[in-house]
Amino acid sequence: MTQTDDPRIGVFVCHCGHNIAGVVDVEAVAKMAESLPNVVFSCDEMFMCSDAGQQLIRDKIEEHNLNRVVVASCSPRMHEPTFRRVVEEAGVNRYLFDQVNLREHVSWCHTRQPEAATEKAKDLVKMSVARARVLEDLPIKTVKVLATTLVVGGGIAGLRAALDIGDRGFDVLLVEKESELGGHVAKWTHLFPADESGAEVIKPLIKDVKAHKRITTLTNSKVIEFDGYIGNFEVTVENLKTEKKQKFDIGTVIVATGFIPFRPYGYFAYGESPDIVTLAELQELAPSDQLLKPSDGTPVKKIAFIGCVGSREPGVKGHEHCSRHCCAATAKAAADLREKIEEVLILYQDIRTYGKGHEEFYRLARRRHVIFSKFPRDAKPVVTVKNSEVHMSWRDVLADRELTFQPDLLVLATAMIPPEDIAETAKMFSLTRSGDGFFNPEHIKLAPLTTHTAGVMIAGASQAAKNASESVIDASGAAAKAVGLMAKGEVEIESTVSHVLSELCSSCHTCITVCPYGAINMDETVDPPVAFVTEAKCRGCGTCASACPSSAIIMYHSTDNQIMTMVEAYLCSPAQLEGGEPQ
Amino acid sequence: MTTVEKKEVQAKKEWEPQIVAFCCNWCSYAGADLAGTSRIQYPPNARIIRVNCTGRISPEFILASLEMGADGVLVSGCHPGDCHYSSGNLKLRARLTIMKMAIEQAGINPDRIRLQWASASEAQIFADGVTTIVEQVRALGPLRREWK
Amino acid sequence: MAQGSSCWGCFQSLIDIHLNLATVLPLIDIKYWQCVADFKLKDLEGYPDKSITVGLYEGMARTEEDIHLLKLMRAKCKILISFGSCSCFGGIPGLANFSTLEECLEVKFRNNKTVKDGEVPTENLPKIAPVVVPNSTIVDFEIYLPGCPPTSKLILTALTALLTGKEIELPPHTVCHYCNRERKETPITEILRPFEGIADPDRCLLEQGYICVGSATWGLCEGQCVNHGATCRGCFGPPPPITTDQGAAAISMFGSMAPLEPEVLTEKVLDPLGTFWRFTYPTSHLGGIRIKREEVKTK
Amino acid sequence: MAKSIGNALIVGGGVAGMQAALDIAAQGFGVCIVERSPSIGGRMAMIDKTFPTLDCSACILTPKLSEVLRHPNITILTNSEVGSVSGKAGDYKVRILKKARYVDEEKCSGCGDCATECPVEVPSEFDQGLGFRKAIYVPFPQATPNVYTVDMDNCIMCNRCVKVCEREAIDLEMVDEIVEFDAGAIIVATGAQLFDVSAYPRLGYSLYDNVINAMEFERLVNAAGPTGGHLIRLSDGKVPMSIGFIQCVGARDVQKGVPYCSRICCMYSIKNAVMAMEHNPDAKVWVYYADIRAFGKGFEEFYEMAKARFGVRFLRGRVAEVMQGTHSGNLVVKVEDTETSEIRLIEHEMVIVSPGMIPPEGMSKLARKLGLPMTDDGYIKIEHSFFGPVATKDPGVFVCGMADGPKDIPDSVSAGSAAAMKATIILAKGEE
């Protein structure tokens, strides 16, 4: 793992159209790079990520015999894989590539300070070149992918994913913490936009899953330990009733843990009267010919809905997002109920019936004389309970009038929020969460189903508020991702792991204590025993390398030297680096 | 104003805080990316060094940065409990707590070091954090002037 | 053999090789050793350059006299050994850098509890530098033998090697390598002052919550403190390459072992500089900043 | 090409079709993408930035384009259309009409010498007719494959390009070919097209110079676009200081045959409004809307940001009329602010009409060839919203992206992966 050749660095500065070049003087940056030690080629180019840009890198590697490449463009979180592949195609180890983020971290956030932005860009390029000089090539490693998928959550998304993977010929372990499969959909008496009850939709799926020879279902169960790495995870599942624990080896994971409907205590007198319910509670009411008042069992003659309860609240953490499904579900419920109920009122902010068939429900509801009234964003309706009667008052924006209403039943269309244990789940699978509380996908536009934990996919409402149909599409998509890994049978993994220099190890056991993955152990076969890293278990956080007090642990691709050389390049003038004084 | 004073005023004007920023790949580097894509503007004084996890950051990096002339150091990572590597950020927090005490004992204002948590979605928090450290350090002046 | 400002403990330790002196002494020709042989400074000054085979410099060099002696030793000796932690890292005298020179003079002379109406002497006192700087920034050394003091065994090993013309080979391990206590690989849940609780005699002191910096310290002492029930305070400085910042490494190790709430740490770790940089402040990064600032000030 | 049964045919090389192709190819099956235009990339390649993160579209799409191009299991047939389809799930025989490109794809290196030499300039479709291209051209810089195409309708047969091409790649005598392809499964990912907003003469599009549509706006603010990314009025080069965006044009309108919501217009307009402010922070930007439908992940937060941070003004009301002043070329929007019941006349220097989406040209023809039923709106009818949201009546034919209705990028990508999953179940059965 040593690079004996003298570093020959190529620097490629990207304009990214106007995105970078509109603010940063890219030519000046490329020119400055020329003067840096070991840089043998430097240029600027319109789009480095384009085919032409990629070809340019390959050509210049060959022409100048480059053995290190620095691309100054966008975030490495976006294009590092692209450029790593490009240099590799030209025979340069992928770990000898370094990317400078001139777009997200410079031009886009210092738009009005072109000079300072250019200075920053130059510094960042200097730092990257300095790092490139001391980069080392690392071996490319592949691991096998076990042909079993763990699906966490037996709601509509989990069921769909399990069935698709099973039908494709791979094994599935489906873990559901409730005693029954089916999730929320199973409880709903009517679903939109199809005219079916949740049970009708979910029953055939459950039946198929149960009958499938490739799917093992564990209900009342929970994943309590999750270890390993892509293709080779070790999972411990506990039965919540019997407390029996079982271990499984699996290759890929789909997390489909879904959502819970928000219980809006503190909103619109919820909890003060049995006649104020959430939309989810309404959907779970037993089917009957006539909707009855929960308080006294008399038929409901007047019903009101309030939208966006616990959704779309700027500045309220976890409630800023739109819950996506509620507008159409409300419109559908209202249109259906209007056939039996005299007055149906919907209070809304915006009507978001965006999906296939949704707008039709909205129109149907209007046709059936459901009353829609828009309330102002900053003045929500006021609901009080007096003498066990529900009183509402609000301002109708469009009529510009203060209105009141006394419904027999008030339905609050509440937000979809993540389940209470989502933090635990996130931690278990090393997933990050976005502002809405749900899991972050790998990329919000182009990789909505994969995550930053290699081998772990997300589907359905675990990713964001979604309706059942969208969750089903996600589930099949996530299944495709899992199958893609398993069908190939092997996958490349990062070589950025830590390594113990045994001659410097003093067996202080610090690294073993601090490693979150149990990847470090003592090798008792040598005398004195020294620590060693099980590379497959190491995920590359580098905590051990900084904790090791005798500098005996190297974190590949992130060595002390590779980090500090960047600081030096930023803070010290070239003269100073040669041992001189600061200028 | 004497010439010397004038020179000092001039020097103060030209001096811009140099900030070394260590960010973890999963939360804060991504948060900084989002700040960029959201076009949130913040001072251009910080140079971000990407590490996989804040647990990788040794006090040595920070102290050496200061010795090399950094006026301030920003460390930004995942919120406690949200670490992509389970608890690297907690280990870092403990190190920095002790290190900041030591720095203060050594006569350096601990406001030159800022530890913040900014998740991948908290672009504004990230940008505000950069602004805060730059302003704090600007108020303190260049590191070498601070010694009593 | 020469001494700067120091407690003379290192040479005491050399004397402590006892009977072995009988083997060592006949083989050497002492050219200068203030505390043992009656040579004057002018004798040393009179020797030709590089005429002395081996020189040992003990202590740090803060006064003009110390610095002169150090440079003289460098000129006269072929091999110059930085002898003891004061000479290697600044050591205990380096702690003076926590204070200004005025504060030091205040304690030592003006406000000294053992004298009345103390005042700073003005005559016969060599000029004193405002801060302690590492000896290695004044002259180069061939060999560093740290320790406060270096153990007699270590000294004997070194001397024997030198006399036989061999390289001095020192194992790179930290104190933990020599510590007989058991590690259970559990993080620290509670930090204890040395007087608190009753320590398990067989278990790692650090894991029990006592701040022991043995894992960040060169184990040339062979673990004599930790194996006798006391925590390591780091007197041998950092392990090879001894250029790392021992205090920073120790904090990194300790913080990783004790990921506790900040409030707990601030309450329980009372003197981080003195705890983690007791012997190496002048050669550390923080110490470096201290020295640089003093330079800026005097300019 | 590999074993017939293990092949999938994908109709349409937009982002959904590309995703489906990659996911099928990842499992080791062969894929053929049939794309009507000279390059894959679809609508996404035309747009400047994407919501809700303002990522630049080219930046995130380009690596996907190159991944598709380089994948050993994927064949791309551009300038091609599905001719006829016979057979059943697991065993389709497809005839593909590969139209003459007049440039040999194997020989062309994309150097562009031909285009420099070509004397004919015509409006560029990719730039929505705002910019120009030559008669021999690539539609956009990242075109994949990066191969030139001769537009025979405008070619004057001067042969200059033929002479200048060092690789002798240009053959103006080339003829259309029929390519036979055996596929186990077919995915329809034909996408959608913009509603022609000139159907609303009252909004002034195609009548007034400074009323443009949203896609034209995308090209105007794009650095690779006709103005090099400068947001100016093409009529007089003036930087517009006041800009209005008109929503729900050709969407949610029963009379115009587009009763459905197009899902993406609210968000792309908020994004465009933000980009307008980004280009000129002193501009005043208004969005005229009916409902703001910011329903996807991060969308509502983006909408809030547009209001709070960028100061985009939102006015709820359907625009009645856009009028043009006689001299300035400025426009006046007449609209009822439904929140105050006030009729307002607001002057703008540029108005952007945000069209809804409609099925692409030739959709019904393709549906007939595949024997697929369509919805009243003219999209491919899906089997069932829960049991088969990407399935069609034919068990071997799947649908994704906008082919079954408007979708944003992440939803299209998810559907692409889902369609791939379903297709591979069939392909794998054939393998057993």
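By written order: A, B, C and D. Residues from 1 in each chain.
By definition in this document, contacts are C-beta pairs under 8 Å (C-beta built on N, C-alpha and C of every residue); 3 or more make two chains touch, one makes a residue touch a chain.
Every value quoted in this text rests on a predicted model; they were computed, and no experiment measured them.
Colleague: Please list the single chain whose C-alpha centre lies closest to the global protein C-alpha centre.
Modeller: That would be chain A.
Colleague: Would you say A-C or A-D is joined by more C-beta pairs in contact?
Modeller: Answer by contact count: A-D.
Colleague: I'd like the Å distance between the centres of chain A and chain B, where a centre is the mean of that chain's Cα atoms.
Modeller: 27
Colleague: Quick one: report the Å distance separating chain A from chain C, using the average Cα coordinate of each chain.
Modeller: 52
Colleague: Would you kindly tell me how far, in whole Å, the mean C-alpha position of chain C lies from that of chain B?
Modeller: 33
Colleague: Would you mind listing the residues of chain B that make contact with two or more other chains?
Modeller: Correct list: 34, 37, 39-40, 55, 58, 60, 64, 87, 91, 95.
Colleague: For chain C, what residues touch not just one other chain but two or more?
Modeller: 244, 249, 252, 255-256
Colleague: Using the touch definition from the top, which residues of chain D touch two or more other chains?
Modeller: 53, 55, 278
Colleague: So in the complex, the part of chain D that touches chain A is made up of which residues?
Modeller: 15, 19, 23, 26-28, 50, 52-53, 55-56, 58-66, 69, 110, 141-142, 144, 146, 222-224, 228-229, 252, 254, 259-261, 263, 278, 291-301, 304, 308, 338-341, 382, 384-387, 389-390, 404-405, 409-411, 413-422, 424-425, 428, 432
Colleague: What part of chain A is in contact with chain C in the complex they form?
Modeller: Within the complex, chain A touches chain C at residues 503-504, 506-510, 512-514, 528, 543, 546-551.
Colleague: Residues of chain B touching chain D in their complex?
Modeller: 34, 37-40
Colleague: Quick check on the complex: what are the chain B residues that touch chain C?
Modeller: 55, 58-60, 63-64, 66-67, 87, 90-99, 101-103, 105-108, 143-144, 147-148
Colleague: Spell out the part of chain A that touches chain D in their complex, as residue ranges.
Modeller: Residue list for chain A touching chain D: 15-19, 21-22, 46-47, 49-52, 54, 74, 78-79, 81-82, 103, 111, 156, 164, 167-169, 191, 193-194, 196, 201, 204, 311-312, 314, 320-322, 324, 350-360, 363, 376, 397-398, 400, 434-436, 438, 441, 443-449, 463-465, 468-470, 472-481, 483-485, 487-488.
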